[in-house]
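Each of the two complexes below includes subunit A, the first together with subunit B, the second together with subunit C.
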Partner chain A sequence: MRILVLFKIVPDLDLLQDKEWTIKNTLPVETAYVKKIINVYDESALELTLKMADHSINNKQQIELSAFTIGEPHADLFLKKLLALGFNNTYRVQCSADLRFNPYAIAYIITAFASQYGPYDLIAMGMQSSDGDNAKTALLVAEMLTWPCITGVTGFELRDLDLVAVRNINDQGLVEQLVHEPAVLAVGNAPCSLLRVPTLRDIKSAADQEIAIISLQSLGCDLKKLNRQNDTELESLNTVNNTRAGLVIEGTSAEEKARLLYEKHLKGWLSSR
Partner chain B sequence: MSLKKEQLIEGLVEILGSEKVITDPEVLKESSVDRFRRFEELHGVYTQPLPAAVVYPQDSSQVAAVLKFASDKGINIVPRTGQTATEGGLETIVENSVVLDGSEMNEIIKIDSYNMQATCQCGTPLQVLEDQLREQGYTTGHSPQSKPLAQLGGLVATRSIGQFSTLYGGIEDMVVGLEAVFPNGEIARIKNVPRRAAGPDIRHVVIGNEGTLCFITEVTVKIFKFMPENNILLGYTLENMKTGFEILRQIMADGYKPSVARLYDREDGAYHFSHFANDKCVLILMAEGPKKIAEATAEAIEEIVGAHTECVKVDTPYIQTWFDNLNWDATDVAAERAEILETKNIGNTTEISADWATINKIYEVCIERIRNEIPDMTLVGGHSSHSYINGTNLYFVHYYNVVDCKPEEEILKYHHPIKKIIVEETIKAGGSMCHHHGVGKHRTPWIKDEYGSSYYILETLKNAFDPEGVMNKGTIFPG
Partner chain C sequence: MKYKVIINACSPSYKARAEEILSFLQEHHLTSGNAAGYNEAIVFYAEEQKAEDIINRLPFKTFKMVRIKHYQPEIILTILQELEIGSPAQIYIFPGDSSGNELAVRFAWRLNGSSLVAVEKITIQDNALVGIKKVYSGNLRGAFIFNYKPYCFSLARGMSRFEADIPVEKKNYTFHDYSSKTISLQPHDYLESPKEEENKLEKSSFIIAAGRGTGNSMEISRLQNIARELGAELGVSRPVVMNAWAPLDQLLGASGAVVSPDICLTLAVSGSPPFYYGIEKSKTIIAVNHDEHAPILKAADIVIIDDYKKVIDTLIKLAADEKGA
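So, the complex of A and B:
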C-alpha cells in the first residue's frame, strides 16, 4: 500500500507576543521571524500514519510511506526528520509564493503531484492549518482526484490489504468505518498529536537519503494562473478577543471553597440548563 | 526517629494548627519527588518513601519551632519553596520526613529604592517581586528560566543564576542580607550592609545550602534601574564552539559586560533556532544598562565578533521572539508533561563550569562519549550561558527515548549514566560539576571529588549546624 502524507510548515504562533498581533490594513501579522513547526493537525496525520505502519510491520503488510510539502528550503529539516522516522520518500515542491489563502492552488499542486508520482492508495493530511485556516484543502484534493474524503479523522489502521478502518468525529459522534482505498483522510482532533522523536542513530542511518525537490513547472503548474483562479480574497483582518477571566475562591477549608463555588457560581448556571 | 507517625503529626499540629499540616496521600506522593523523577511520577510510580506531612509555617518563629521539634525527635526535614528543583533536592529519602514549605511566607516586606535593595519573605515568587519592581522602574537583575515559578528561598538555597548574570552576577552577588533558622531553633539575621570585613562572609554558609544546614526565611537583594529601552540584542551564527568560546573569552578579558552571553552548539541551536540556525552554532549577546554603556558595549562586541570571519550576523527579531519566550511558567511545565507521556521522549540538563583553557575539551569529550555510550539518544548538545573573567559554564542538554524499560528504571538506564559521564569528565579536567542547579541528591556520590581537600570545611559546617543530621538527608552530603 502506498500512502502519501501531506504537511505544511507554519510559524509557531504561540510564540508571538500580544503586541505583535497588530493589524495594519490587510497586511498579515509578521511571522517571518518566528520559529517554524509542523502544522499540528498534519503532525497528527504523520504520527497516525507511522502508527499504522508499525502495526502493518507486525502483520507483515507492505506499506510505502511518502511525505510531501510545498514550500521553501527551511522545510527540509523536517523532511530529514521524517526520513529518519522511516518515511521511504520525501518530496518538497519548491515554492516561495504566499499561498496561505489560496487552498485551490495548493490542492491543484498536490493533485498534479499525486497524478505524476502516484498512484497512491491513501492520502492523509491535517484538516486545516494554523496560518491559513481555510479547512478546504483536503476536500478540494478529494474532489480533484474524485476520491472520497473523510474529515475529522482521529485514527486509522490497516485491516486488510486494501481495507482501512477509519475513526472520525461527525454529527453522530465518534464513528468507525471501513474504507476501501483510495481515500483522502483529513485528520482533526486526534488523541495522538505529537510526532515521535528519531534517535541520533536513526538520523545517522537516514543521512544519505535524499529529499526530492520538485519544481512547479515540472508538475505543469502555472502560479499566475492558479492565483487568478483563486476564489478567496483577503479583505480585512480583525482581532478576536480571547481574554479570559479567573477567580480565586477564598475559604478556610476545601469544603468551604467547594460550597462557595457551588452556591455562587455553579448553582445558577446548572439550574438554567 | 523514636516518634510514631501519629505522634509526629500531633506535634506538628500543636505548633502550626491542623490547617497547615497536610497529610492528603496525593499531596504526599507529589511531595516525595522533584523534577529529577518526573518520568516515574508521570506514570504514577513513586519509589521514594512518602513524607508524613507537608507543613506551611507562617513566620520565622513557627519555622524555628518545627525545626527544634524535628531536631529533638530526629525527624528529617525537607525545606522547599517553588518546587522547581531539578536534582532531587526535594526527594524525601527517609521514612516519615516532613516537607517544610515556606511558600505561604510570601510578603514583599520593603522595596527601598533609595538604598537600592528589596526585602522579601522566602516564599515570594521572583516574578511577583520583579513585576512590582518593574512597575517602579527597577529590576532585581535576576532572571532564571524558572522565574515565573521559583521563589526567593529556593533561589538563594540553590545558588541560582539568571540569564543576565554576566552583568548582574549570580544570586550570591545579589544577596545583601538574610534571615535563616537553624535546626536547633536559632533564628539568625545577617544585616544589610554594602560590604564588611569583619571575619568570613557568613552569607555563604546559607547561600547554596540546599536546605541541609538551615531554612531561609527572609532575603534582601540588590535592585537596579530597569532600562530595557537601551537594550541592544546581537546574534550571530558561526561554525564551531571553539571560536565561540574564544569570542566570549575575549569579550570578558577585554572588560566588557554584556548581560546576556550565550553560545549554542549546532544540536542545541537547531532545537531553539530552527528558523535561522541552518546547522550552525549560535552566539547571542545583549548589551544593557545606561544608554552610553550599552552602546559602547555593543560596539565593542561587534568589533570583537567582526574579527572572526566565520560569524554571520542575524537580524535581531529572529532572536527577540525566542528571547521573549525563554522563561517557563506552569503552562510550559504542563505541556512538557503531556509531551513526555505521549512521545516517551524526555530531556534533562547538566550544568558544569571550567576555565577557558579547559571548557572546549570537556564539551567535546562529553558529547562524544554520550553519543557513543548511551542508547536511544535523540539530542545531545549544549550551550554556554554564563561567562566570567576566568571561564564559563556549559549547560549540557540530553534528550532520549525511553525504550524497553519500566518508568522506575529510566533514571538508572539513562539519566545517571549521562550525569556520570559529564560529572566525571568535568572533575577530571579540573572544572566544577555543578554550575547552578545545586548538588541535589544525584550528584552527592562525587561531592568529595568535587571538593578535594576542602571537603573538610564543608563537612565541618554540616557537623556544626546540623549535628543531628535532620536537614534534607542525602542532599549535598552523602546519606
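So, the complex of A and C:
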C-alpha cells in the first residue's frame, strides 16, 4: 500500500504579538522571520500515518510512506526528519511563489504530482493551513482525483489490504467507518498526534537518504496560469480587534482577588439563575 | 441575485445552522422576494419519521425536502448536481459547519464556480461578489473576490441567529426521495454510528474554559467537577484535547464549539485568536492568567493576574458557603 502525506511549513503564528499584526497591514503579510513549524493538522496527519504503519508491521503488510510539500528549501530540514522517522520517500516541489491564498494551485500541483509519481492508495493531509485558513485544498484534491474525502479525521488504521478503518468527527458526531481505497483523509483535531522525535540512531541512518526536489515545470504546472485560474482572489486585509475593557481586579493575594470577583461580579448572577 | 440555501438536516444542530443563515440573509437584505421556487432552501434528511419535525422547525418558507440514505457528501453532491445543473442559482449558501464547508467547496468545483469557506459577510462590488473571512488563524480579516459563478460559500461558525417561527401552512415544500440512490464511489460502511446530540456548550449560559496551563488530566477532571458544582459547562483549548485530558466535544474555538454564554471564565488560557474565536460572543469574559502579557487579558472584560488554582479554589469555597448559608 502506498500512502502519500502532504504537509506545509508555516510560521508559528502563536508567537506573534498583537502589535505585529497591526503594523503589518500590507499584502502579503511578512512572516519570514517567524519560527517555522509543520502546520498543526499536517503534523497530526504525519503522526497518524506513522502510527498506522507501526500497527501494520505486526500484520506484515507492505506499506510505503511518502511525504510531500510544496515550498522553499527551509522545508528540507523537516523532510530530513521525516526520513529519519521512517518515511521511505520525501519530495519537495520547489516553489517560492506566494500561494497562501491559492488552494486551487496547490491542489493542482498535488494532483499533477500524484498522477506522475503514483498511483497512491491513500492521501493523508491536514484539513486547514494556519496562514491561508482556506480549508479547501483537501476537498479540491479529492475532487480533482475524483476520490472520496473524509474530513475531520482523528485516526485511521489498516484493516485489510485495501480497507482502512477511519475515525472522524463530523456534524453528526464521532463516526467510525470502513473506507475502501483510494481516499483522501483530511485530518482535524486528532488527540495524541504530536509528531514523534527521531532518535540519534534514526537520524544517522537516514543521513545519506536524499530528498527529491521537483520543479513545477517537470509537473507541467505553469504558475501564471494557476494564478489566473484561482477561483477567488484576495483583495485586501484588515486587522481584527478583540479588545475589551480588561478591568484588572487588584488585591494582595489571589484569594482576595477571587473574593472581590465573587462578590462584585459572580454572586448576584449565580444566585439569580 | 438568485440564491439558494443548502441545509444538512442529518445533523442534530440543523436548526441552529438554519437560523444563522436566516440572520445572515436578513443582515444582507436577501430575504425579500422569497417567492415560491425562487430563493429556496434544499434540505437533506435521512430519517422518514423526522421529516415532519424538520418541516415544523425550519425557519424557511420555500424548500425542497430531499431524503437520502444517510449523510454522505458524495451522494449529496451528486443529487445537488442533478437538481441544479439545468438552471443553477448565482449564489449557494451553506451552513457554518463541517458539512457546509465541504459541500460548498466541492459543489463549486463541480459547477465550475468559486468557493469560500467560513464567510462572515458579503458585499457586491461592480456586479461581483466579495466575501469577508478570517485568515492567518483569525489574526486578520481578508476580502476575497469570487471569480466564477456560481458563488458558493459556507458561513463562519457560530454567527448570530434569528429565530423565526413560521406556521406550517405558510410553508411551501416538496418531497424528493433519493434514499435508494447509490454512487459508484461507495467508501462508507459505518462501524459505529454517531450519537445524535447537540453540543452542550452551545446552549450553556456559564462556561469555564480550561487551557494548557492547567497542566494534566487529573486537574481537568477536578475542574469538570468544579464546573458542575458551579452550574457551568467545562470547555477546553486545543492543547488540552490534543493531550487527551478532555474529549474532543469540549473543544472551544475556530475548529471546535463557538459559544455565547452570559459568562465565560477562562483559566490558564493564553487567548490565541483560534481559541478566542470560540468565546468572543460571550457577554462577559473573565480571564485568570498569571502572565500579565497574556493576550487574553486585553480581550477580556474582567481579569485576575494570578495563579488560577488559588482563584478557582477560593471561588468554589465561596459558592459552597453561599449555598450552605
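Heads up, the rule we're going with is that the second predicted complex is superposed on the first by the 234 of 273 C-alpha atoms of A that agree within 3 Å, B and C clash if a C-alpha of one lies under 4 Å from a C-alpha of the other, contacts with A are read in each partner's own complex, and residues count from 1 in each chain.
Note that a residue touches a chain if its C-beta (ideal position, glycine included) is under 8 Å from a C-beta of that chain, and two chains touch if they have at least 3 such contacts.
All values derive from a computational prediction rather than experimental measurement.
Peer 1: Applying the document's definition of touch, where does A:A97 land relative to subunit B and subunit C: first, second, both, or neither?
Peer 2: neither
Peer 1: Given the touch rule stated above, what does A:L219 touch, subunit B (first), subunit C (second), both, or neither?
Peer 2: neither
Peer 1: Give one of first, second, both or neither to describe whether A:L16 is in contact with subunit B, with subunit C, with both, or with none.
Peer 2: It touches subunit B and subunit C both.
Peer 1: Scan A:K36 for contacts with subunit B and subunit C and give back first, second, both or neither.
Peer 2: A:K36 contacts subunit B only, not subunit C.
Peer 1: Looking at the overlay, what does A:P198 touch: subunit B (first), subunit C (second), both, or neither?
Peer 2: Touch partner of A:P198: subunit B, not subunit C.
Peer 1: Taking the superposition as given, does A:T252 touch the first partner, subunit B, the second, subunit C, both, or neither?
Peer 2: It touches subunit B, and subunit C stays clear.
Peer 1: Between subunit B and subunit C, pick out the one touching the greater number of residues of subunit A.
Peer 2: C
Peer 1: Looking at subunit A, which of its residues have contacts with both subunit B and subunit C?
Peer 2: Touching subunit B and subunit C on subunit A: residues 16-17, 192-194, 253.
Peer 1: Please name which positions on subunit A make contact with subunit C in the complex.
Peer 2: Touching subunit C from subunit A are residues 13-14, 16-18, 21, 25, 29, 40, 101, 128, 130-136, 139-140, 142-144, 146-152, 154, 165, 169-180, 183, 188-194, 230-240, 242-249, 253-255, 257-259, 261-262, 265-267, 269-271, 273.
Peer 1: Of all residues in subunit B, which touch subunit A in the complex?
Peer 2: 19, 270, 272-275, 315, 317-318, 320-322, 324-325, 339, 342-343, 345, 371, 376-380, 399-401
Peer 1: Going by the contact rule set out above, which residues of subunit C touch subunit A in the complex?
Peer 2: Interface residues on subunit C, with respect to subunit A: 8, 10-13, 71, 73-74, 97-99, 101-102, 105-106, 108-110, 113-118, 130-131, 133-148, 185-197, 205-206, 230-231, 238, 241-244, 248-249, 251, 255-256, 262-263, 270, 272-273, 276, 280, 284-286, 295, 297-307, 310-315, 318-319, 322.
Peer 1: If you look only at subunit A, which of its residues touch subunit B in the complex?
Peer 2: Spelled out, the residues of subunit A in touch with subunit B are 15-17, 20, 33-36, 74, 77, 192-200, 252-253.
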